[in-house]
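Per-chain residue numbering starts at 1, and chain names A, B, C and D are given in the order in which the chains are listed.
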Amino acid sequence: MRYDFGSDNTAGMAPSALDALIQANTDYARAYGSDDVTARAADQIRQRLDADADVRFVFSGTAANSIVLSMLANPHEAVLAHHAAHICTDETGAPGFFGQGVGLIGLPGFSGKIESRALQAWLEEPVVGHRQPPAALSLTQSTEYGTVYLEEELRHLIEPVKACGYGVHMDGARLANAAAHGFDLKQIARLGVDALVFGGAKAGANCVEAIVLFDKALGRRLDNRLKQAGQTASKARFVAAPLLGLLESGEWETGAAHANQMAQKLARGIVTRSPFTLAHPVEANAVFVRMPVEAHERLNAAGWACYRFDDGSVRFVCSWATTHAAVEEILDAIAGLA
Amino acid sequence: MRYDFGSDNTAGMAPSALDALIQANTDYARAYGSDDVTARAADQIRQRLDADADVRFVFSGTAANSIVLSMLANPHEAVLAHHAAHICTDETGAPGFFGQGVGLIGLPGFSGKIESRALQAWLEEPVVGHRQPPAALSLTQSTEYGTVYLEEELRHLIEPVKACGYGVHMDGARLANAAAHGFDLKQIARLGVDALVFGGAKAGANCVEAIVLFDKALGRRLDNRLKQAGQTASKARFVAAPLLGLLESGEWETGAAHANQMAQKLARGIVTRSPFTLAHPVEANAVFVRMPVEAHERLNAAGWACYRFDDGSVRFVCSWATTHAAVEEILDAIAGLA
Amino acid sequence: MRYDFGSDNTAGMAPSALDALIQANTDYARAYGSDDVTARAADQIRQRLDADADVRFVFSGTAANSIVLSMLANPHEAVLAHHAAHICTDETGAPGFFGQGVGLIGLPGFSGKIESRALQAWLEEPVVGHRQPPAALSLTQSTEYGTVYLEEELRHLIEPVKACGYGVHMDGARLANAAAHGFDLKQIARLGVDALVFGGAKAGANCVEAIVLFDKALGRRLDNRLKQAGQTASKARFVAAPLLGLLESGEWETGAAHANQMAQKLARGIVTRSPFTLAHPVEANAVFVRMPVEAHERLNAAGWACYRFDDGSVRFVCSWATTHAAVEEILDAIAGLA
Amino acid sequence: MRYDFGSDNTAGMAPSALDALIQANTDYARAYGSDDVTARAADQIRQRLDADADVRFVFSGTAANSIVLSMLANPHEAVLAHHAAHICTDETGAPGFFGQGVGLIGLPGFSGKIESRALQAWLEEPVVGHRQPPAALSLTQSTEYGTVYLEEELRHLIEPVKACGYGVHMDGARLANAAAHGFDLKQIARLGVDALVFGGAKAGANCVEAIVLFDKALGRRLDNRLKQAGQTASKARFVAAPLLGLLESGEWETGAAHANQMAQKLARGIVTRSPFTLAHPVEANAVFVRMPVEAHERLNAAGWACYRFDDGSVRFVCSWATTHAAVEEILDAIAGLA
């Protein structure tokens, strides 16, 4: 089976990520994140976001998202999110585990973007004792369906939430792809996002995501919180190093730009060469295709890993590692299904 | 500040660990642990333990221990452990977090080994509704104070616990050092341990520990459990690879043997060249020294990181990376304190 | 505002419940449930269920349901239930709080009864790591929409669930009303239900529900579990006494029979005297009416408390205390809305 | 076995408590705490405390304490308390359950009162990532060993804690007995206590304690929190009524005064008529006696329930219901042990 398009976490580490990891493996270093590599990686992130935020590196996006949400909502409250958001569909209830039962309220919206009126309706619901009322909004940028929120769209979603005094989380597992599409990272803090998960793994690192707290008050004893949650690395330099490599080299950006371009190429090919249609606008690094079950099965049988999503379409994901040749090969395979 | 003896997690990755990580970084691979690297690393562990166990790789020992304990004891029950065990003193209450309030009962005993009679007394306590009764025993091998349980000692602790129908967990963060001292890994399953945490980081890997379930019934939907707990790596091959390197090369054993020898050398030097005494038998890779506060401070001021422990002694830890030269240098420094 | 039909928990204690409470208030008694009143109430329940079950009395149905579910499903698993079940819609996420994130899977089905094919479909779903797979089924008898499962219907739901090795919970907050409709309580254990919440409050007691464990293995250290969960009464006799009164007097049955008859009378009146239609079969003590928003508002404005439900219908609930006169009054009011 | 002195929860409801419960059992009432009885009881408490606080009624002291502590400390933080406090020794780890692992730090001090210097030492400990640092102080008034803090003693404990920005909880399960000893309830808010558990059960009610939040910011969506925690009564009037009866009649005070007097009588008798000595000052309603194991066993064998405590002394507790005759009888029994 070929995993080129199965997910953006089937690719390996990008060159600069591996180089930085090798570089970090010299001499002794303080454990638990007090090392220089960790400090430099945090600085790189703060620069990109143009914000004096608290930054910590954890092992997984599931943990990062859940820990942040546990800061924004109590167990008797809930988080508003797109119903197809990773926290709702792909994290095995982790927000409820880390947040001791915190609720998730799934909102509708085309192509992974939350519908503003649906959000508004929930914000206007009266608080009744027997339901978990919302306390935070979770946004995914780029979205689970490969689209990228415009700054204006985010503003429309965030403003009424902040007006209620609620918190805002952004899941940036694929933030690099959003940035490559033109999303200005410096707007995140300005728009009122309280906490961001800044993605590393899908951008070409190993297993690392950064928790970024713009609202530093959330971070009371953050190191204790992370340690208790099993997300403190003893040999922390090796967690931060691959992301540092990507950031210092600029490969975090160029890799995502390449991934997006490959997705464009793939999308164009599908539109022009196959009978299938695109299910969502292709703005980041994923292409969703409306394809009969049988066609999908034949593609799998031909050796290409790719998965059907909740909306019924089949997803193909590109990464820093996707080659032109692989795109052409899979296009041949898809065209041949007709 | 020099971190050579501050902990065994201040050292980097051992050569075979890094090599395996670099090797793993080729082509695409299935995510979430279904890859070949992960499978081979699990096999290596099963072979060493001579047991057909479930094996999974997680990011941190704190998480590994806590997740296993949550399988062995309910929130309204407690885990028996040495009062100086890592789970009691160094994990920020993680067992209670992962186990939703599961209790810890700290037992006494010399040099980190649980005193058999103290354990027995707890096992004989009547169960009363207003306290958390024990449901499991946690053992650390090698112990927090650098000693190694004999097989016979473990048998004396485990048998009465199993007779009560309780579970047994072994924290093997420094299992390699115990093995290098002569502890037979094949006895772990035979002695009745239900779940082991097989240490990677301190043995020369990056950030990885293996959860090993000898009692496979504990592992119902283990992958869901780990995913929910934020301990499932997307790019899983990179988590397992360094440990695979150590295991396939045998450096897991030789590195620990070297660490233990360096600890012996350091201990001999302290006894013969300094006015200070050893606080505990030196059987693994750590040396605990009775040393006045002032002497400790001067050692720190001279640039050597080392920490005072709960029993009042100062700990020096050796690793696969510790050099003869560094041992001699710190011995000079210690001798000079007198 | 008149609360006669707002809920079955707006009524007071039935005569035999209050009498038993007064009776229990003599002399000293052992605390924490070791008293005679508690023992007798447990016996009454075991007799009715014809089963040698573990019985405990707790303060609230929310707690009772959640504690039982935490025995049947791990945090990384989920409970299958009707989407309109109390645990899904009215307990503020309590199952997730007591179960540290345990999931709820809402199933469809007419009039509060789970659709068998929808259940079957979930049971056949492959277990994937990133979702919470089902581990238990929760049934409500009588249902949230005032219907009563036939024994055969229950068998069709329970059998495939048990065949998967999963547990079965029954929420019997209104079990008395189901029994009054003809449901044979002695079938509960025989059908394979593992744990029942035997309702007290809505049947005419104060604040008490009984946890009944047919599968006694679930009850390991049950008293510790309840104490930790804040559900152990110090002056326990006063919790059990009202339910004991109802059970020894038979008012548990006669009160529910009366409530069901009043619901029948109300339903007939609505059908014959108003332009509105019934939304669900009236089999227990609640009547659900399809009624325009404006009509509902006028009824509220006229002083009658009653609530609109998730299916859009308006609920009227009868209890042991509902009088013929009150039914006629509200029928006049409803008829007058036309 | 006679339970007159076994605990203050072996007594029944005091006359005014039962009367109020009977009174409350008329007509229909809004459920879930929106009723008049609940409102009046809350007012009574606010008056006594001379504070505009949020007041809610819950079923058990264990739940009340744990829920409040979960507002004051995060899971990765800890609560400072006397090592013999009810939350540390008698609640089966409930604070950790409700607080998802929140830690407890047991402080020393004579006769149940926290030693000021021990508290100070903990406040000065540096925060390190691998331990749960304190975030709140829990005080018990009157204490677990039957003593009553002076206002000045409380000030000495509370001030440094507030100076750290930490919260303060007071467990007032026996607050009535402290008040009867002269403790001015109006000082509680002024001293800086953030949240109080105002005791009902031991003061002569049924199963009810009040959560009182002086810091109203803690109470965000308190009703949701209580509902989720299984501590919301549907027929709430019956939970509040007994306490309302005690408060409106003044029996909350007179009952506690009587209990304290009976304890004084018992203590005098032990000092003058038995060979045994008092273990602690008798300031509230409990008498702790140093007594050989054999003497204690003979007393139990003679039919008197009484329990040995962690400090090795035997406890005798008086309540509103304790009679002069019973005190004399047990004194005869104790004198006869010599």
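Going forward, a residue touches a chain if its C-beta (ideal position, glycine included) is under 8 Å from a C-beta of that chain, and two chains touch if they have at least 3 such contacts.
Predicted model only: the values in this text are computed from it and were never measured.
Taking the options B-D, A-C or A-B in turn, the interface that duplicates C-D in more than half of its contact pairs by residue number is A-B. Comparing the CA-atom centres of all chains against that of chain A, the greatest distance is found for D.
A comparison of the A-B and B-C interfaces places the larger number of contacting C-beta pairs at A-B.
The mean-CA centres of chain A and chain C are about 42 angstrom from one another, to the nearest whole unit. For the pair chain B and chain C, the distance between mean C-alpha positions equals 49 Å. We define each chain's centre as the mean of its Cα atoms; on that basis chain A and chain B are separated by 33 Å. In chain C, the residues that reach two or more other chains under the touch definition are 75-76, 91-94, 97-98, 100-101, 129-132, 224, 227-229, 232.
Those residues of chain D lying in contact with chain C across their complex are 1-4, 6-7, 9-13, 18, 21-22, 24-31, 58-64, 66-67, 91-94, 97-98, 100, 201-202, 206-207, 224, 227-235, 238-239, 305, 321. Interface residues of chain B, counted against chain C in their complex, comprise 32, 74-77, 100-101, 127, 129-133, 220-221, 223-229, 232.
Across the complex, chain C is touched by residues 75-76, 78, 89-103, 129-132 of chain A.
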